[in-house]
Every structure is written in C-alpha cells, then in structure tokens.
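Listed below are the structures to be examined.
Shared chain: chain A. Partners: chain B in the first complex, chain C in the second.
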Partner chain A sequence: MSLIAITQVLRLRWRDNDGAETFSLLNIGASVDYVSALSWLADFYGLSVPMSTALVIGADLLVRYAENTNITSVEASDTRRQGVFIFGESPDGLAVVRLPSILESVLMTSGPYAGIEIDQSLPAVAAFVAALTNGIGGVIPCDPMAIDLGDLATAYMQRVAG
Partner chain B sequence: MALALKPTISLVFSFRDNDNKSSTMEVLIPGATAPASGLTYALALAPLAAALVDSTLTGFNMVVGYSEAGALVIGSSDVENKGVFLLTAANAIKSMVTLPSPLESILQGNNIDIDYSNADVSDFIDAITLGLGGVQPVNAGGSDITGVYDGYKQNRRSHVNSRQRKG
Partner chain C sequence: MFVYPDAPIEPGCVLLFVPVELVPLVGGAFKAMEQRRKWATQEDFEQGYRAFVELERQLMSTCLQELIQEIRDLRGVSPAYASTPVEERESYMYRSVADLIEHVNTLIFALSGGLEHGDNVLEILRGDTEASSSRNMLDMLE
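Let's look at the complex of A and B:
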C-alpha cells in the first residue's frame, strides 16, 4: 500500500450573475511537469472564457496522490475525533491544523487534561509538529496570509459534529 | 479581468474511518513555493500525519490556485446551463468536460446542439483532442482523449452558494 500519483486536474471555477458557482474539470496526465500543467491551465482558461457569459473567478491545478489499495480502517477510527494544533501567539496570528481521527494513545494519560491534551513529548507528535513549525526541505507551512505558523501554542483532541 | 496567484498553496490530506466517514487536514504553504518542492513536502508530511491517526490516509491534493484579482463584474449568465462535451478516449471509456453558461452564438439553430464549426468551439475541441504543447488531456483513468462524440446544452445542477443565490 502506498500513495501514487494519479491524473492531475485543471479546474476552472465559474460564477454567474446570481452568485451561483460551478466548476469545469479537465484531466491531464500524472507525469506532466508543472510548468506544462500550469501552461495548460492558462490555455484552458483562455479557450473557455470566449464561449461563456459567466465569469471565471478562479483556476486551480490539483496535483493528486491516492492510496493504491483499499484499506479498511480499524474499528476505533473516527474522523470526528480530531487533533487540534493551534499555532502562533497573538490572537490575530493564530492558525489551526486539524488532524482527523487522532490516536487516543497520543493523548495525555494523567493530570487534569488526561484524554484531552495531546502529549507533545511523544516522538511521533514532536516530529509532526516540527514538520509544521520548521518545515521540511525549505518549505515551511503558513497561515492563510502566507505568514509562518510560528510555534505550537496548544494541542488537544476535540470531537466535532458531522 | 486577470487571474492572480493565490498567496498560499493548499495541501489537503484525506482520511477515512471504518464507518467510511471522510475528513481532511489542510496545511498551507506559501504560494511562491515551487510546486515540485510543495509536493516533496506533502509526501514527507503524509507519513508523519498518518502515524498519529487510526483512520486511513486515502490520498492528498496539492492545489495551486489563481483567483480573479479585479472587481467581479458578471453579465447576465446562468452556470446551471452548461455546454456539455462528451469525450471518447483511447481506452474507450467516455468522459466529459462542461462549459457553464455557453454563449448562444456557439449553439446551432435549435439552441441545444453545439456548433462545431464555430471558431472558438473548434479551437477548444482541437486543444482537448489534439493537445497543446505536447500535453494531451486524458480521462480520469489516464487514457488520452481522442475525440468529441457529442456536444449540447443541458441544464445541470450547480455548486450553489446559497447565501448569494437570488430567487
């Protein structure tokens, strides 16, 4: 079992004058290089716009990877049980990463926050947090304003509806 | 009107539990990141995230996005009317591409069938069936698109933003 590249998708996002939105999707090969893929995205946009009365409000290249085998998750798994990792310091600089179906074994086992707080001393947790705060290979995650996440402020388990 | 690169690239990891419920983890990286570097990062982060969950990591998307940077001025249009192009592929599996709110001028006199002789339409079809710059569009299975076997206007439900939808 492993993640393999599947077809890349070119997606145009359209909106009409009533505010309704829809997509146009076109697949290109998984092995197409990104320069060519982004060039095709621009062409897809340029070829489509002259034929429509709606407006393209966005264009995306989706590089996709998928599991190549059908894996059954363990019975205890529950995507509503989420690990919440909050980064940053000032209230307007906070950012969150949510990890669905976090292992209960990475939660604190004693103290007032047992079963709630994520144990940051565990190596697997520390490695995940370091990948988000320090990055890997020069790529450092950021918040929606493209500002580095900063240090981890808190991490806990939260059950969400859905 | 012009599309501008978004400030961030989105990495969306998908997880599925034993009840077949799905959920995602989204991590953003700067928009100026080279896509190849972003992919390397995503492939490195995936096992670190998978080690902390008991659901299945079923895959991820890296979304390099552009958005309209100007004021949104939209003339009379309806994205639920779509130009539908039904496509054939080398592996004989059919697929389609849709064009929302097609101009009446690209339709035939019956206002349903798409007029392949229209220059914009033929350019669009040639690009999809012959490729551009050596890149050939494919169906979801990765097989080259080889032709268009039908094209018509059809009303198809849209992804609707209900807060803005009128009427």
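Let's look at the complex of A and C:
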C-alpha cells in the first residue's frame, strides 16, 4: 500500500436561489507549486462568476494523494463506526476530530462507558492525542476557528448515518 | 441551512436522560451539524459547531456530575478532608444534610433557648455564613 500524488483540484462551491449546491472542478498538475495553484484558483473564480447566476460560496484547493494499489479493507471495517476525539475546554472551545472505523480493541472493556469510551492509556491512542495536542514539527492542528485544539476533553465511539 | 437561534433572555436548558447504549447513535446524529454547509453564515456555523460539539461531549460527561458537585458544595466538605483535592473527594468526605440540620438546631437552641426564636437568630447565622470561605447548608437560611 502506498499513497501517490495525483492532480490537485480547484473546487468552487456554488449555491442557487433555492439553496441547492453543487461544485465545479478543475484539475491542475500534482507538481504545480502552492502559490501558482492558489493564483489559478482565484482566476478560476474570476472567470467563472460572470457566466453564472448562482453564487460561489466556497473555493478550495485540494492537494490530493491516492492509494496506488488495489486494496480491500478488512471485513470488520466500518466507516460509520467512528472514533470521536473532542479537544478543548467547555463550553466555547470544543472541537472534534474523527477517525473512521475505530478499532473495537481500543474501546474500554469496563466502566460505565464500556464498549464506547476510547482507552486513552493505550500507546497508539496516547500518541495520536499527543500529536494533535502538542503538534508535530512546530505545527499544532487547530479547529475550524483557527484555535489550537488544546487538551483532549473526551474520546469515544459514535455510529453515524451512512 | 440553519440560522443559530438567539438565546432567550433567561437562559435555560433541557435535561435528557440518554441510555448509555444509545450514546454512540445520539452522538453520531449530531455529526451533520459540524459541517459549515449546514449553517447560513460563518457566524452561525461557529456558534453551531461549538454548541453541537459541546452536546457530543456532554454525552460522555453528563451534567449529572455537575449537579452532584453542586450538591456537594451545598453540603460543604468535612473539615477532615478539606485538604483533599476536589477531584479525589468521595461522597463521604462531605458533611451530611442530617448533621447540618442537627448543627443548626443546636445553634438555635443555644441562641434562643428553643425552637421558638426571634429574627435576630437568623441574622446571627447569616453573619456566621458570610464569614466562611466555603458555601454550605447554612447559605439556605438566607
């Protein structure tokens, strides 16, 4: 298994007067540098808007990698069973990071939340949490409001709709 | 798309009892509200995101814990365990309500000679409470 770089995607998100949304996509090469890619995104926006009555409500540059081999996930995997790591402090600083198909073996086996709560004492869990809290290489992940994630508040398993 | 509603003048909340086995499903149902596209504006999203992640957190740390702590604060910690950190305290480390009532009755007898007492007794008790650095059952007399 290996991930390889594939084309970057310039994505504009559109909304019409009924609230319906759609995307328009434009591929550029995987090797195009960051500044040039962002410049193209601005141009894509500027060239597209005059020809549409819908509104652009978002613009994304997607730097993409994809698996290069034909793989099959193990039978027990289920992306709807998600590990939920909630960071920050209540009530105004919480943020969530999700990990699909969380291993059943990382869930607590005893206590009031047996089979639900994630065991934070396990090395893999502790390493994951520490990296998100403290950062790697001087970069600390943040929430959607650009605030550092902070300490872990709780971690448990959720089942989301398909 | 949702607009984050204005809070009422007098804030309130609803206490739900969620069976533990439903926590994964109930929490998962909130996931959609973490998405920007569910909200009309960035401000709505920021408020909504925080609010729904807080609900997801509460599923693992119910407000019952906070209520229990409020009750413990009301009872007041027993002097013998005053130096024990709050997070390490057990229920027995707090004074019992029965003991507090007995204590108050003793005070009333001492100050007035019986349960038929004058208003000044309450004032004396209130003064005693205000001199204390911790909240306890005596606060209820105010």
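Annotations for the structure displayed:
Definition applied: the second predicted complex is superposed on the first by the 156 of 162 C-alpha atoms of A that agree within 3 Å, B and C clash if a C-alpha of one lies under 4 Å from a C-alpha of the other, contacts with A are read in each partner's own complex, and residues count from 1 in each chain.
FYI, contacts are C-beta pairs under 8 Å (C-beta built on N, C-alpha and C of every residue); 3 or more make two chains touch, one makes a residue touch a chain.
Note that the coordinates shown come from a computational prediction; the quantities given were computed from them, not determined experimentally.
Model built by superposing both complexes on chain A: chain B and chain C fit together without a clash. Contacts of A:V84 after superposition: chain C is touched, whereas chain B is not reached.
In the superposition on chain A, contact of A:L94 is made with chain C only, not with chain B.
Applying the stated contact rule after C-alpha superposition, one finds that A:G19 touches each of chain B and chain C.
Taking chain A as the reference chain, the count of touched residues is higher for B when chain B and chain C are set side by side.
Residue contacts after overlaying the shared chain place A:R159 against chain C, while chain B stays out of touching range.
When both complexes are overlaid on chain A, the residue A:A126 reaches neither chain B nor chain C. In the superposition on chain A, A:Y113 contacts chain C only, with no contact to chain B.
Contacts of A:P144 after superposition on the shared chain: both chain B and chain C are touched.
For the overlaid pair of complexes, the smallest distance between C-alpha atoms of chain B and those of chain C rounds to 6 Å. Shared contact residues of chain A with chain B and chain C: 19, 21, 58, 80, 82, 98, 144-145. Interface residues of chain A facing chain C in the complex, by the touch rule stated above, are 13, 19, 21, 58, 80-82, 84, 86, 90-96, 98, 112-113, 116-117, 144-145, 153-154, 156-161.
By the touch criterion given at the top, residues 1, 3, 7-8, 15-19, 21-31, 33-46, 48-49, 51-68, 72-80, 82-83, 95, 97-103, 106, 120-121, 123-124, 127-128, 132-142, 158-161, 163-167 of chain B touch chain A in their complex.
Residues of chain A touching chain B in their complex: 3, 6-7, 14-30, 32, 34, 36-41, 43-45, 47-48, 50-67, 71-80, 82-83, 97-103, 106, 124-125, 127-128, 131-132, 135-146, 162.
Put simply, chain C touches chain A in their complex at residues 1, 20, 23-25, 27-29, 31-32, 34, 36-37, 45-46, 49-50, 53-54, 56-57, 59-61.
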